[in-house]
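One chain, chain A, appears in both complexes that follow, with chain B as partner in the first and chain C in the second.
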Partner chain A sequence: MPPESTPPATFRIGKARTRFFGLTLDETIKAFFGGNALMAVVVLALITFFLFREGFDFFTQNQHSIRVYREAGLEFVDYIRQQEQDHTALTRYLSDVRLRTLQHFTGHEGLTLAEANSRLEGFDAFAGRYGEAVDPLRGLVSELTEVATEIKTKYQIIEDMKEKRRQLLAEGKTAEADAVIVARVDFKTELGPLIATLPAYKETSDQFATTLRETLALAPALPTPELQKRMERFRELNSDYLVGFPVVLRQLEEWDYTKPVPAWHAFTGFIFGRQWLTASFWQDWYGVVPLFVGSLMVSAIALMLAVPLGVGAAIYISQIASAREQRLVKPAIEFISAIPSVVLGFFGIAVLGQILRTLSQFDSLRWVPGFPFAERLNALTAGCLLALIAVPTIFTLAEDAINNVPRSFLEASLALGASRLQTILRIIIPASLSGIVSAVLLGLGRVIGETMVVLLCAGNRIEIPDFTQGLVAVVQPVHTMTGIIAQEMGEVVRGSIHYRALFMVGILLFLIALLLNFLAQKIVRKYRISIG
Partner chain B sequence: MSATAHPFATRSARGRQLERMTFTVFRVATYFVLLCGLLVFGDIFVKGAHTVFQSEFPYVNVPFLTEAPESLYVFEHNGKKMELGDRAFRAFQSSEAARARAENRPVPRFKAESYVYSAGGIWPCIVGTVLLVVGSMTIALTLGVSSAIYLNEYAKDGPGVRFIRLAVLNLAGVPSIVFGLFGFGLFVIFLDWNVSLLAGWFTLAFMVLPVIITASEEALKAVPKGFREGSLALGATKWQTIRTNVLPYALPGVLTSSILGIARVAGETAPIMFTAAYVVRDKLPWEVDRLGDFFFQGVMALPYHIYVVSSKIPQNEYTARVQYGTAFVFLFIVALIALASIVFRNRMRRIYKW
Partner chain C sequence: MVTATTQRSMATSTLFAIKVPPSQDLGTNRTLIEIENLDFSYGPKQALYDINLKLEEKRVTAFIGPSGCGKTTLLRCLNRMNDLIDGTVIGRGSIRINGVDIHGRGVDSIELRKRVGMVFQKSNPFPKSIYENVIYGLRIQGENDKTRLDAIVEKSLRGAALWDEVKDRLHESGLGLSGGQQQRLCIARAIAVEPEVILMDEPCSALDPVATAKIEELIQELRSHFTIVIVTHNMQQAARCSDRTAFFYLGKLIEYADTRTIFMKPANSQTEAYVSGRFG
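On to the complex of A and B.
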């Protein structure tokens, strides 16, 4: 274009702008940064999507598993098994009473062990008779177990065949697929022998009940009123137990293998299931309660220790300490948060577990609930280490919250003649309470999601802690939600129900974390003090 | 001083005593926490130092830092207790056998107790951890700093931006094991990368993303508004302003705060358990046939190695060496990183004051 044709009115600085996809350079850069900023949202969405993608099939598979459990008659057998196991629990109670009596004899009456044992002969005869009473029932259960297992195995073989056929069809090998014979299990005929044992069960059960009643009438008298009371309690428990017999019978009579398993059973079985049992020969259960309770207990112990320490330290550093102390201590506490959790876990295994156990065996510390204990790795060990993880989080956030209290509050309070302690307790803490609470919630989130410490130090026993003895439960080994994922994920078959169950646990953890975060933010926003 | 001496002394002696006692309680709490931290550090440093350092030249146990882990064999020979690593044990066995044959004796058999991973060193783990940290921090810094620039420089407050901030906040609270599961589901299975460096990089990068974004935003916020306004008033475009007048001043802050992210990346075990870490691997990462394979190989990593040696092998005098040694090296690295970040931050606060 010749220069003289440019009209002087359109005076321009610089060159024409380069354009990408119709955007100027500046807009492109902005779009690039904006895209990156969206990444956080995308990642959150991806996490949700992929957790659900891998985990959601769990419910179908679990429903199926429960259906097979019913159709193969395993449920039928488990009713009777429950009855047997309740008896075993009662036997344990009885041996506990024996132990206490023995202790009484050797301790208070100063008898030798042999003498004490001879004094207990009558008791032992009674306990022996009581224990043997269940034998016919036990025999029946083991017989039925075999029958039901056989049916289930048969069913599983057929399922494997179906799977093989499906694979062959998917590969396009129709002829070979047709060659795979897929039989059907006729549950009705298969279950015939099982249901036919009902009269035999009735007889055994009645016999069992009579034997128990007869035996109980012969219960020996025990030396102290306290022990006698326990014996009375044992009798009561037994009469409750015997009342349950007709109920079991009714359950068995009404039992119907064709009764459909509703879809929500798969869900409630997970959320409220009290058993996490995998790779068992009988029936696998995926109930999250033991893991959830374990996580909760370990976190509760951790917070019980960490909240006073963290908040106390925050108050001290922000209100009481000198500037010099502040400069030194604050980074030091933040530095603790840099200790990797796996190192803390190792410390727990190598040192802390031993220290706590030794400590628990001191006579002067007998009054502490649960002391002395034998398991080196338990909820308490893990909880103590988790507290060390939670303290820096709580400290940092609480200190921020306290520092955010307007200075005029402090000055006004001091000007009115309040002491420093009064100011701290009545002004500073109430004013920053929302921040402190949210700090505790975020600390809880940190602790409940912590993996390595609990995996290494919590003892990894999948069982709901026994709370009947009160606080003793804190020294029992537990397993946690995070721990189970880390422990079992490496060993499961991809796509199996176990694999999906672990993803479900992950989803649950994810939701808990989001909920805690949400609560923390909400509390801060709602109760924030406006500087007016 | 008696309580009634001063007309303005409204605080009773009891009140003052109570105050002093309460303050002491707070002080004890603070120092108790420090003591616990010190106990952990002290125990691991003292016991680990026996493995990592030695009394004669070169004072550092070089083989421990430069060799691969081996099994340890403990046995008695001629009434002497011997401890040999895997290769040395085999060499010893064959040499003893040769000597026995030469002297026409029956070939001796050694009844040895073996402890896996308890001899040799941790070199592959160190290499793996460094690779994981470098890769994931590159990804995280790119994503994180860009997001922070957008949030702080470009975006106007609105529902969109608030939503992004909410996502960042929530992402920060997601447990690390959930990131591990997510990385396993997305990278390892869905994208079929298998257990690989790449999968570990992205998993770790996503995990520290919120930390980086928050830290970078703070650094950007610390640059005074006047810098931007001056540049814009002179006719520079937005990008020119950011490039020449904001980023150079924010960068030190961004980098120092990101060091904390490094400590987190290096320290986490749960996310790499299923995505990047191998229990044991003979080859070092650069011993690959094709360059492309480099990204798709799993590595050994220090945190995972600590987990393995502390949970999969028994605790005794032979295994304690490698356990404490590994923990020492790992803690030393992480502590150094964290210390650097804290020192830098404090210095930065003093230097950059506008």
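On to the complex of A and C.
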């Protein structure tokens, strides 16, 4: 029988731990850090939740707004107004032709301004007649506008009453609530006079068409073939315009205020709407297109400048620069990101905007499209500054990506007799391309979300830039999605449709940022493995 | 005394089973690379002292020695790869290839590297297809003739004994090959530009014995076309596949002779101690 081995008397490996609320120190620390990490997730979830909760009501409100637009007859009047405005656009074309002719007279033929103007007398008579032709129609529109506005006001008063009553009821003041009389708008009766103008419209419109045709026949001959061609074009535009008259009439005849507004109109009206018009006496429109295009244009300009700068600097610093240059340039670029964007915006207004404008006024630079600038603050100014903001992001991430390319690739390439440049172009850049692309995407995310600079420098005109003139579009003032939120959020009534519309813009921005980040991560993950 | 050393050396050689190639009269080929009184330093730290060495054409020369003895440094001097490191200085002396001083005026390191190829310790194919890997050196020289490139790819891969294994997947990534195949791909890439000299920096240190054997066989075949300089830690390898061996210690060339002589009858006691495995 083997001797029983007895365990050593003292083999103490336990230790009494101090506990707070039943937790040891280690557990407390763990809980603290875990809690912090969890907090980030919770905050993100809350932000998302509230953003969507505040924003989504926009669609019901917008649908309602569009319905009132129809029921109060505003839509009816707008058909005719469009016809009038198209004529105004044609008048503008005509004044452009006059200006060119005047320039021809004063420039090529060397006439004085007075002489040139007198030579244009025939033209002016024609233009005057053309312009006046619309007057009866304009009168009709302004009459109808009054009628429709009245209906809408009536409706709004009733809505206010309803709201008041609801509030009183909520406060429990039943008697007072009953005292508030809520009438109903009888749209049918109210719209009666509006629709009754249809024969009058028809007559006015026919008369208008006849006058236009007669006037056009009297179009004066212009001195050069080029100007004559413009006149021909004017005639063509007019015949197209006249063809549209019966269409307007049909729209008016078929117009029915009871026609329901489908729910998707509220959505398409936002996503594809080309007008962002608020606090208007007539009708508010919340179309995000001008803002989206503005944001996109400013970002595109910024990226066009920031990508070559950022990626080029990253390649130089990681592949070519000496250690001393690296020590100098890297912190300098990274420091740019430390400048508060409001300071950059201020710099943009005071310095860059002025410099660009002065530059654009040099006669020797006339050939550059868009020079001289019509506006000091425009998409180009904002884009240049945003490029400054994007450069550090793109530079830092691209440099990381390039540094991640194994040094052995570089050595192998050089050992085969490749030059530095060949190595960079054929080996280093392809191997780090995924990283560079994601750096650019994150730079884009940074730029699209930037607010202060665009608010200060983009010019803030809510209008889709006129792309028909090509590159000139980049020097037009624009407004952006971020800018509009910052500018208007402080003034809107909480819960109003305008407030909700701004939240929708916020959601759109949020989704864009989400998409860009997702893409950037996906690209990096997909290609990093292949480099090994 | 000398006799005693020799006898002991032979005894240890047998003990460690270093097989030395059968005695053959190598004769002397034309000298291709001539290193004279070379001093080299990394900044303040001197790495090579007064190296004098003549490497013959179409021979395999092995550089052996313990870690940090300067053998890789010397190898990288031969194609001026050390230029990439900041602060390197050739203190004194010269390296002449075919009579031309490679640090001389008018010598372009890029042109030099086209003539002096290199295979690295760790295989480093580019993240490109096998085909593109092989023709990389030609592409950068502007060669774009498809038929010529095809011919060179086949010739180089055959030369690197890899053709049969990869001929059906030339357009797949070079990174998908095994370690030994990748190293042979790197050799194919190096010989595709038809250099005169191939420098090999411990080409088998990351490979298993089978892959190592293949590379060694390949070196034997390549010797008829190229002048090969190989740095190795593996003394069996030096003994098996080199014609001449240079032993370095602490930045100095201790002994340079026929491989057989180095392993069987080293003249220097440090060499003898190293090849017999007593240090290093």
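The rule is short, and it goes like this: the second predicted complex is superposed on the first by the 496 of 532 C-alpha atoms of A that agree within 3 Å, B and C clash if a C-alpha of one lies under 4 Å from a C-alpha of the other, contacts with A are read in each partner's own complex, and residues count from 1 in each chain.
Please note the rule applied: contacts are C-beta pairs under 8 Å (C-beta built on N, C-alpha and C of every residue); 3 or more make two chains touch, one makes a residue touch a chain.
As the structure is a computational prediction, the values presented were derived from the model and not from experiment.
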If we overlay the two complexes on their shared chain A, which of chain B and chain C does A:430 touch? Say first, second, both or neither.
second
So in the superposed three-chain picture, is A:471 touching just chain B, just chain C, both, or none of them (first/second/both/neither)?
neither
Regarding the shared-chain residue A:247, is it in contact with chain B (first), chain C (second), both, or neither?
neither
With the two complexes superposed on chain A, say which partner A:37 touches: chain B (first), chain C (second), both, or neither.
first
Counting touched residues of chain A, say whether chain B or chain C comes out ahead.
B
Is A:50 contacted by the first partner chain B, the second partner chain C, both or neither?
first
Going by the contact rule set out at the top, does A:417 touch chain B (first), chain C (second), both, or neither?
both
Footprint overlap on chain A, where chain B in one structure and chain C in the other make contact:
417, 419
Inside the complex, what are the residues of chain A that reach chain C?
322-323, 406, 408-419, 422, 426-427, 430-431, 530-532
Within their complex, chain B touches chain A through residues 10-11, 15-16, 18-19, 22-23, 25-27, 29-30, 32-34, 36-37, 40-41, 43-44, 142-143, 146-147, 149-151, 153-155, 163-164, 167-182, 184-186, 189-190, 206, 209-210, 213, 237-239, 260, 263, 266-270, 273-274, 303-304, 306-307, 310-311, 315, 320, 323-324, 327, 330-331, 334-335, 337-339, 342, 346
Name, in rising order, each residue of chain C that touches chain A in their complex.
79, 81, 84, 86, 110-111, 113-114, 117-118, 120, 122, 124-128, 136-137, 139-141, 173, 175, 186, 189-190, 193
Of all residues in chain A, those that touch chain B in their complex
25-26, 29-30, 32-34, 36-41, 43-44, 46-47, 50-51, 53-54, 308-310, 312-313, 315-317, 320-321, 329, 331-336, 338-347, 349-351, 388, 391, 395, 417, 419-421, 442, 445, 448-452, 455-456, 482, 485-486, 489-490, 494, 502-503, 506, 509-510, 513-514, 516-518, 521
